[in-house]
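Accompanying notes for the structure given below.
Labels for the chains are A, B and C, by order of writing; each one numbers its residues from 1.
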Amino acid sequence: MAHKHSISRRHFLQMSALTGVGLTAFAMNSRLAFAQTAAPNPLPAAPAPGPIDLKAAGGMDALIEAAKKEAALSTIALPDDWANYGQMKKEFLAKYTFLKHNDLNPDGSSGDEVEAIKANAGNKGPQNPDVIDVGFIWGQLAKGQSLLQPYKVATWDTIPDALKDKDGYYYGNYYGTMAFEVNTAAVKNVPQDWSDLLKPEYKGQIAISGDPTSASQAIHAVWASSIGNGSAVDDAMPGLEFFKKLAESGNLVPVVASPAGVAKGETPIALRWDYNALSNRDANKDTVEIAVVYPKSGSIAGVYLNGISAYAPRPYAARLWQEYVYSDAGQLTFLNGYAKPVRFDDLQKRAVIPAELAAKLPKADIKVAFPTVEQISKVLDAIKTGWPSIVGVKFNK
Amino acid sequence: MAQTIDIASAPLLGVRRSRPPRPILRLSLTLLGVLPFFIFVLAFQFFPAFSIVTRTFARNSDGTFTLDNIISLNTPLIIGAYVTTTQISLITSILGGAIGFVLACAITIGGLPAWIKGGILSFSGVASNFAGVPLVFAFTSTLGRLGVLTDFLKTAGINLYPNFTLYGFWGLCIVYLYFQIPLMVLILVPAIDSLKKEWREASENLGGTRFHYWRYVALPILFPSIVGTVALLFGNAFGTQATAYALVGGGAGQNMVVTLLVTAQFSTDSLANPGLGNALAFGMIVVMAFTILIYTYCRRISMRWLAR
Amino acid sequence: MIHRQSLWSWLCLAFILLYFFVPLYATFQFSLQAKRGQLGFTAYQNIFSAPDFSNSFLFSFQTALLTIAISMVLIIPTAYWVNLKLTWLRPIVEFLTLIPFVIPAVIVAFGLIRAYNRTLLTDSGEGVYVLLVGAYVSLSFPYMYRAVDTGLQAINVRTLTEAAQSLGASWIAILVRVIFPNIFRAVLTGAFITFAIAMGEFTIASLLSQPAFGPYMAATAARKVYEPSALAIVSFGLTWLCIAGVQILTRRNRGGRVPTALIR
């Protein structure tokens, strides 16, 4: 490559122009990048929260009018086959046809949802979720980080006190029990208890539904195994040890247990909520046999919470959604998906549950623990920090 | 060109002034042509990459310079992920390189009919694109627990499961090979094609056998191409996300593959530290830049003999 | 000697092709098993009739077309000027177009989201879509630039330009009416590859929460048993069509290189 020793004036000018642009861009970049870094974590101030209940909103019609102006709703992490959310979404949208639905990240975890609020705070776009449905643990967390705004639905008084935040920031909507979902075509001896899972015949067959550092369902799988191994409710160590053994023996595979995975037989034993397992069983009853087993030594119940994001760009549409979910119709939709709605006792008292629906509900006569909020945060921390170092590294080969 | 052009009646095609513009104006006119491209690259490539790099070295709380984020990469989980990803990338790049090289030789100088070469090249083009989610579907249908091949081997008496699992280290390697081998073939076939017949004849004229030809002429010439492409394959495997995510993503798979660790930073921040996410991304950029440097260097050397 | 050599080649070929074709065959067979006990195209019927399929397919399709258009508008003038006047810029431009190989898709998405957070670009669906298209255009640069560059080098750019200029054409007229028709085939090559990339892209689309075809395929995997295999076959067929298109277009040059795309 011969080097030109004399650069023409034109070339020189062009090069300096480009260098000039480049340097300005460099400087701009650094300043912009550092500017964003200088305040990376403090979230922008949340907008003023909306009305606290229907009365403050001026009644249902006023709510609908306000929602019409927003014309959209962003939900997050609501898979169609989870607690019958598919039907819930369909019925809600059929009722309020003026709302465009943004179904964000259906396979997201509770951790994903909280992160999404933080990451999108201040954005008005459709990827900013308006409502979240998270595991019980995360409600307290989100409230503590000022990520929620309070709203008390019309049926507020019929929600049990233990399952709601007294200020209305979050409240339970349904719960289930951790169970084994087993593909009986692929697994001849259906495991009945936690200790069975360690048997060598189940090598490479067991999966949990996500990452226990962020997915509520996966965290509870670990927790339930703790209870099943005889520990106190707030002790997660036996569970972590149990999963360490599962990973080491190769029984546990690092795959996310999915409905299709079980039905196909790829991960024939999955640790999932009983309502998910039961819906999957029904959905695939023509092609495969799925058994739902409640482990004999005990399990845990997991409550899921609803909350409205403090940064929701469409707060009135969010309130409309909440009202629907907590109405009789909404709660019965959950029950149809085998998820025990939080207003179950109230529905039963008023005898609004159809007979055939009541008949198909499963009976689980095992010891089921219902943890308190303090126990939850203690265990959450233990599993979040313990999992990567105790179990997670076992998957490296 | 006997036609004469009458300026007055020439079709008006946006006639510009006929006097040549002054140098400054010409400078801006030509640069203006390429400016959109540069602005675009700046906005969509440089700025994001730059912000990752700067934020890696910025403290979370106040933005002052720090190496803490890089140091915080030193946890067993992250180191494990880097090690495992490097292992997978090494294995698939070397194995893929070897197999790809053999295939490339077979179709160019292996005495096979010409249509096979064209067919294989087309197929390689498709196969190297067939990565990500559909590829994983294909392999679960083949080697999954209920895969076609698994069943077939079962009838032949070989039980793959439970000792083997597609959703693990070796599963990743097997799936990655599917796009590594074609890439090797696509890049190496032109190189082998450029081996001049005269060199082979010269070697034989001097009394050399096939072994001598390969050992002293062909392989030394091809060596930079091979090494460079293997480096490219390494980078390819290191940076792949779609395939890894489809196979082991969403759960504990992030402990095995660095790209999945970065993906987790997106949503979960499960490691609860934005600076760490940036540091992870920065680490990946460093590795990739290194491999591309090797590739470019080798390519330059190989051009000496194989200039097309 | 040739005989023995080609026998060995045939064997190698056979073994390696087994590795490549068995998964395809297995996928196809699996996709036919949707109805218990019999082979049929139920899975295909299911996916083609699903509204999500057409929505995500159309979304990716229009994104692909938009990407190709923008990429052409950016690359063709740049390559033209680099070839014609700014030849000293060539190594720089080539380097810039190779950056997508250095920075993997996941880092691109990560960087874009973090860099442009809380700006106009994330404030609306349209804004995030701009980010998506921008990322795809960057991904297309290596192939578009190489294709256009090859095309430009095959024609005599200088002569054509001077001829057009002497007839009084403006720069835009030169590009649109003289250069572009002559490099049309080359551009089409780049366009096909870009199309294949944009249709199959998963990483950036899913991390930017866009309803593209890639995330749709992944979501189906979690829900349905047989449909994912059918989708894989459809996706493979689509990619094959694109590459076949490229092959037909480049048939004129013997030993024409088939471009590689790295979706990974």
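Everything that follows uses one rule, which is that contacts are C-beta pairs under 8 Å (C-beta built on N, C-alpha and C of every residue); 3 or more make two chains touch, one makes a residue touch a chain.
Keep in mind it's a predicted model, so treat the numbers as computed, not measured.
Asker: Going by the average position of its CA atoms, which chain sits the greatest distance from chain C?
Answerer: A
Asker: So using the touch definition from the top, which pair is joined by more C-beta contacts, B-C or A-B?
Answerer: Higher contact count goes to B-C.
Asker: Rounded to a whole Å, what is the gap between the Cα centroids of chain A and chain B?
Answerer: Going by mean C-alpha positions, chain A sits 35 Å from chain B.
Asker: Take the average of all CA coordinates in chain B, do the same for chain C, and state the distance between these two points in whole angstrom.
Answerer: The separation of the two C-alpha centroids amounts to 15 Å.
Asker: Quick one: which residues in chain C touch 2 or more of the other chains?
Answerer: 86, 113-115, 221, 228 - these are the residues of chain C that touch more than one other chain.
Asker: Which chain B residues sit where two or more other chains touch them?
Answerer: Within chain B, residues 30-31, 38, 47, 51, 55, 266, 274 contact more than one other chain.
Asker: Chain A: which residues touch two or more other chains?
Answerer: Each of 14, 33, 36, 105, 107, 256, 264 in chain A touches at least two other chains.
Asker: Would you mind writing out the residues of chain A in touch with chain C in their complex?
Answerer: Checking each residue of chain A against chain C gives 11, 14, 33, 36, 44, 79-81, 102, 104-107, 119-127, 256, 258-261, 263-264, 284, 286-287.
Asker: Would you pull the chain B residues touching chain C in the complex into a rising list?
Answerer: 5, 7, 10-16, 29-31, 33-34, 36-38, 40-41, 43-45, 47-49, 51-52, 55, 99, 102-103, 105-107, 110-112, 116, 120-139, 141-143, 147-149, 177-179, 181-183, 186-187, 190, 193, 235-236, 238-243, 245-246, 259, 262-263, 265-266, 274, 277-278, 281, 284-285, 288-289, 292
Asker: Which bits of chain B are touching chain A when the two form their complex?
Answerer: Of all residues in chain B, those touching chain A are 23-24, 26-28, 30-31, 38, 42, 46-47, 50-51, 54-55, 58, 60-63, 75-77, 80-81, 83-84, 140, 144-146, 161-165, 167-169, 247-256, 264, 266-270, 274.
Asker: Over in the complex, which chain A residues touch chain B? Could you list them?
Answerer: 9-10, 13-14, 17-18, 21, 25, 29-30, 32-34, 36-41, 105, 107-109, 111-112, 115-116, 186, 203-205, 207-211, 213-215, 218, 247, 250, 253-256, 264-268, 384, 388-389, 391-393, 395-397
Asker: Given the complex with chain A, which residues does chain C contribute to the contact?
Answerer: 36, 86, 88, 113-115, 117-118, 122-125, 127-128, 208-209, 219, 221-225, 228
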